[in-house]
Amino acid sequence: MAKMPVTLTLNGMERAGFADPGQNLLEFLRRGLGDLSPKYGCGQGTCGACTVTIDGETQLACLVLAETTEGRTVGTAAGLANGAELDPLQTAFMDHFAAQCGYCTPGMLVSARALLDRNPKPTREDIIEAISGNLCRCTGYEPIIEAILAVSEGRTGP
Amino acid sequence: MNARTGGFEFRKELFADERDDDLNEIGKRIRRQDIEGHVTGRSPFYDDHLFDGLLHMRCVRSPHHHARIGRIDTAEAERMPGVVRILTGKDVPQNLNTLLSLLDFGLDDEPVLSVDKAAYKGEPVAAVIAQTEAQARAAVKAVRVDWQPLPHVLDPEEALKPGAPTVCETYPGNAFVYHGKYDHQKLRYGDVEAALRQADHIVEGRYQMSPIEQAPIETCGAISAPEQNGRWVCYTGTQALFFSLGTASKVLNLPSSRMHFIGGTVGGGFGGKVDSIHEPLSILGAMLTGRPCKSQWDREEEMQVGAPRGAERWYITDGVMNDGRIVARKFTGYFDGGAYTRLTSYAVIKGVGHLPGPYTIPNVYADAYCVYTNRTPATAMRGFGITGVDFAIEAHMDKVAETVGMNPIELRILNAYRDGDMKAHRREAKNCAFIECCQVVAEKAGVTISPEARAASSKTGGGGERARLPAFTATDEHGRVEGFESGSYARKGGAPAAPGIPAELTPDRPSPPTLPTARPVETPPTPAPAPTTPDQEKPAARTPQRRSGAVRFSSISGFRRR
Amino acid sequence: MTVVETYPTLAEAARAIGSDAAYMGGGTVMMREVNAGEAPARLVRTNDPALAQIRAAGDAISLGAGVTMSAILADSGLDFLHPVARQIGSPQVRNMGTVGGNIFSPHPYGDFAVALLALDARVTMAAGGARPIEELLRGRDHSPGLVASIDVPRPAPGAFGFKKVSRVKPKGVSVITIAALVNRTGGRVQNARIAWGGMGPGPVRGAAAERALQGQMIDDAMLDRLARTAAEGLDPPTDPLASSWYRREVAGVHLARLLRSMEGR
Amino acid sequence: MALHRGRGFAAINYPIGMNLGGDPSQALVHSNPDGKFTVALSAIDLGQGMKSVTRQIAAETLGVPIADVYVDTADSDTGPHDMGSFASRGTHRMGNAVIMAAKEARSVMLEAAAEELEVDASDLVTDGKGNIHVRGAPSRTITTMAAAQAAQFKQGRTIAGRGIFLIPLSDVNPETGEMSPVTTFAHAALLVEVEVDDETGEVAVTDMQSAYEVGRALNPGLVEQQLRGGAWMGMSHAAWETTEPYYPDRDHGAVDFNHYLMPGPGDLAPHHISVLERPAADGPFGGKGPGEMCANPVLPAVVNAVYDAVGVRIDELPVTPEKVLRGIKAKGGARPRQAIQSASSAKQENF
């Protein structure tokens, strides 16, 4: 069974690996490239824990064939911070107790970042819509919504 | 939607004299220690440990609710690409366990991989180990099992009727056996029938709690690998590290010192990660292949094979006076345990100890059953043993309030337990705050309650008469079961097991040759003396009428049956 | 084990597909099968840029089969389809899921196809030729070939309505989906097209509702009658979301509410 | 053709810890030479905040700043035995074990400091900021770092402690059920407001007012996470979730999150929480465990509210639109009761 070489830009760096036929991007990122920030929650496209961006759009890595990302730009939660400097959303999640078990958090942050990138001043309803594909079982939603609102309104601290 | 977000109201004025609020770190809203790992995606969940050459394990499962297993033919599957090994029940050193055997609670009733029959849809009978998950999935389909379907039963009350199919041969009557003696756990406090005869109103109800999936976003699983020096490392999402270690030690017949369990960062549990399914399986896979091996449920398995909180059915009959006082409460409860015990037997006792809810009622009766049915075994889930019966009690209280024409909050305060009251399990209540919670909500929600209800307090009005045990308690031998030996919660005839983890596991047959590393189990050290009890509840003032059969069961901390 | 073949054009993909392969569009349905080991041994896909094209000439709109829900939402000329596209899946799924794929999505998915059915869309096949979507939906489980594009006539202002009933807000899957195209002559309904999701094995026309509407003025009494009879002749499924009984009971209620909201009542 | 508003009330108590006891937890605490402490446990953090709450408990007991303590869990080679994170036992059981271990370590630290300051250890206090000084004489002081260094390199002392907490296993009487279950109970009361659609049976939770008694909110942020999340889960159990929608029939069990129903962020109801603290005598700083009980009152409160709204008793969970609609039809229409309305809340809205 021939493996396919895949080269893509992951969080700003060119990365390459070999994908199995039919392998999804989630497995390729995690096992192939060692980016463990996207999480497996269902493999069915129903939980959002594997949310990444592909060419700037949020997608579900478990529903993307790894081989189709050749030459594309992929972003994950591991790339949110600028070096040691956290994204304001990450800081807000920390201050607002917007994570409990932390398993949905990377995907949630990718969705939240994508929202603020295209709509810096979302309403509460916009935020609800934007995170509706990211399940938090703990939950979680109220402080998450509040943390995203805080960033959009320029509030810092808890 | 305008939900108020963040923060809550502290009612610091309540119980202020019982508290020291002048502390440095306690009571402060301090960031979580693990939060930076969570928001950067660096927190190490069990599946975040990468191993070169990781093998993947997937199980062959029963498509039937209940079926005898004929031949399991793995020949074709073993020839499939990437398949390294296929395990069946004969590969498991001690292929029968019950989760709470570590507490000497219940009889071993559940195989790791079933050999003779499957008692629920989804029960595993073989485990394929392959180089990729896709290869394992493909090979699972190629394993041929001769299934001979058997009649099945899915409703717990049906399962208790004579002639119902036996689900779990360990308990032929389809009910867990308590104290080697009864097919249910009893609670008898006072004389409920007499009190019901004198009550102004009888209020009856039947309540059904649904089966609930824990649904952590991280599915259950474990990765095990050969470590140095004849040990195995196991990265796990368990909720109970030593529970899983003890279970693995037992079913693998392997001393705990030969295993290294690492976990503690878990993507949600809610009770479903106590069952310790994947740890022994993945270690066994690593032992038999010499390579790292992962056992993990996909979402479909998590939802239908992973144990839910089982359904519960409760019947409640209350005797109520015109003024709202509840003078008698009678329960019959059926916990749907599924095909094997897991933790349901314990939840029944927890539920019985909780009755009749946060109320002081002079006559209480309960029969609570742990019933076997041909469905996925039930296990812990947030509130196990309590959530279902609280639903029943509090829905019932609403009917009682309607019957006597009383505000439902007042009704609860009128019947509430207070410091010093005697509870139905014959211990005094203390540290109560039920009345105050009711009062705070009534005030916040603008519900008018009587001056008496507003003035009530958990700290006053209890004890005295309310601390007295009933003058007479009606007991009975209904539900007597033969063939089990009295002396524990469920014990069949035979010598009692030795204490401690490994000794309980003493295999009754040689270890299979496939486990070259297995060694005789070590005898645990003599148990240490019990530490003093910190502030335990005061026992009831009066000795109950009968104590026969009461036991103290051994636990891994060294307590011995007396 | 699944092998994926990617072709530069739809025509080549159509020639390659054969009977042992499945076509993969946006992947939101098919990749789940791949992950579960349930997909056919061969998957065929294409990078054909034509599939992602949206063309509008007056009221005639053509959507390439590979147009995503997000692409529809980003096109202000397709405003009548926005309430439909917005209700498909989660934001992530809308960035992936395609119009063509939605036509073949099994219950409880395929809400966009319900809208296309009410709008009387015509489907152009890769092999050439066009046919009504209703015909394609009837035969969709029997390898009808690959879809190239879908022609959607723009409805008259206010004539098209869409409603998705779900248990989870804002993104639950469909208990019932309703699309209604209600054209009128002299205030009376003429040739209304009512399409249901969740009321049969796939998107189906609501014959009873269409009959009840024919030639009628829409008023409260008419809507009450419609609510009682709209589900006649339909055989909705029982699934974890709702029973057949429940769907039948409330289908007419939701249809009447949709029509009432289209009336601005 | 109407939305009916109803209010339902429920209140509960909840036993903390494994019911019958016999569930020990152990902890080890030790200091590095620079006075920074490691707490070694085998407890599990599955989101409830075990690492964080034990860190605060250790810092408080040791008398050092939170930043000087790190909790390491769960490695069976280094963390001593613990029964696990379930049954609301974590904070109560492990918290006590950590206190015991931290007290022992603290006493060695104070002895080391006493030797350096040439005073009696019983005269020393910590300021929680990294200093140890003589009670009433803050100028006679030594840092915890200096004390730890002295202990390690001059005095040969081990600043370390061991802790265990165990409530011994209780008997259970087969005839009467007499037992000594848990020693500690948390409490909660909750009033929920719903809107019921009498044509579709749909129920929306529109507001929740609650009071939770948690013994002691050791970290209000963590407590709030539990209470908000748990109440959401209670709402979910009340009206959405089940693995077997047609129980006891096993058909149609959900296998994904599209079919296993849970409320989405758009279903959130405002939840107004009040926290009461009646410390448990045997709880760590009085703390109980809020993690399980927070869900429980919501389930009955919702069915009681539905009855209040339309007069239909739903005695089988979950409260699906189908069950409500069948109930309404059996009664020949909604029968609003609105028995526990407040002055402003009772109203009926037409479409």
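Labels for the chains are A, B, C and D, by order of writing; each one numbers its residues from 1.
Keep in mind that, in the parts below, contacts are C-beta pairs under 8 Å (C-beta built on N, C-alpha and C of every residue); 3 or more make two chains touch, one makes a residue touch a chain.
Computed from a prediction, not measured in an experiment: that's the story for all the values here.
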item	value
Chain located farthest away, centre of subunit D as origin (C-alpha)	C
Chain centre separation in whole Å, for subunit D relative to subunit A (CA means)	29
Rounded Å distance between subunit C and subunit D, as computed from the means of their C-alpha atoms	46
Where subunit A and subunit B are represented by their mean Cα positions, the distance between them in whole Å	35
Touching two or more other chains - residue numbers and ranges from subunit B	1, 3, 6, 29, 31-32, 34, 81, 134, 215-216, 265-270, 298-300
For subunit D, residues that touch 2 or more chains besides their own	46-47, 49, 221-222, 224, 233, 253-254, 256-258, 260, 262, 264-266, 268, 271
Shared interface positions of subunit C, touching two or more other chains	1-2, 35-36, 170-171
Touch-based graph of the chains, sorted into line, ring, star, complete or other	complete
Touching residues (chain side subunit D, partner subunit A) in the complex	46-49, 221-222, 224-225, 228-229, 232-233, 256-258, 262, 264-266, 268, 271
Contacting residues of subunit B [partner subunit A, same complex]	1, 3, 5-6, 29, 31-32, 34-43, 45, 47-48, 50, 54, 81, 132, 134, 215-219, 265-270, 298-299
Complex contact set, residues of subunit A against subunit D	42, 44, 46-47, 97, 100-102, 127-129, 131-132, 135, 137-145, 158
Residues of subunit C that touch subunit D when the two form their complex	108, 165, 167-173, 238-243, 245-246, 249-250, 253-254, 257, 260
Residues on subunit D engaged by subunit C in the complex (per definition of touch)	199-201, 240, 245-246, 252-254, 258-267, 320-322, 325, 351
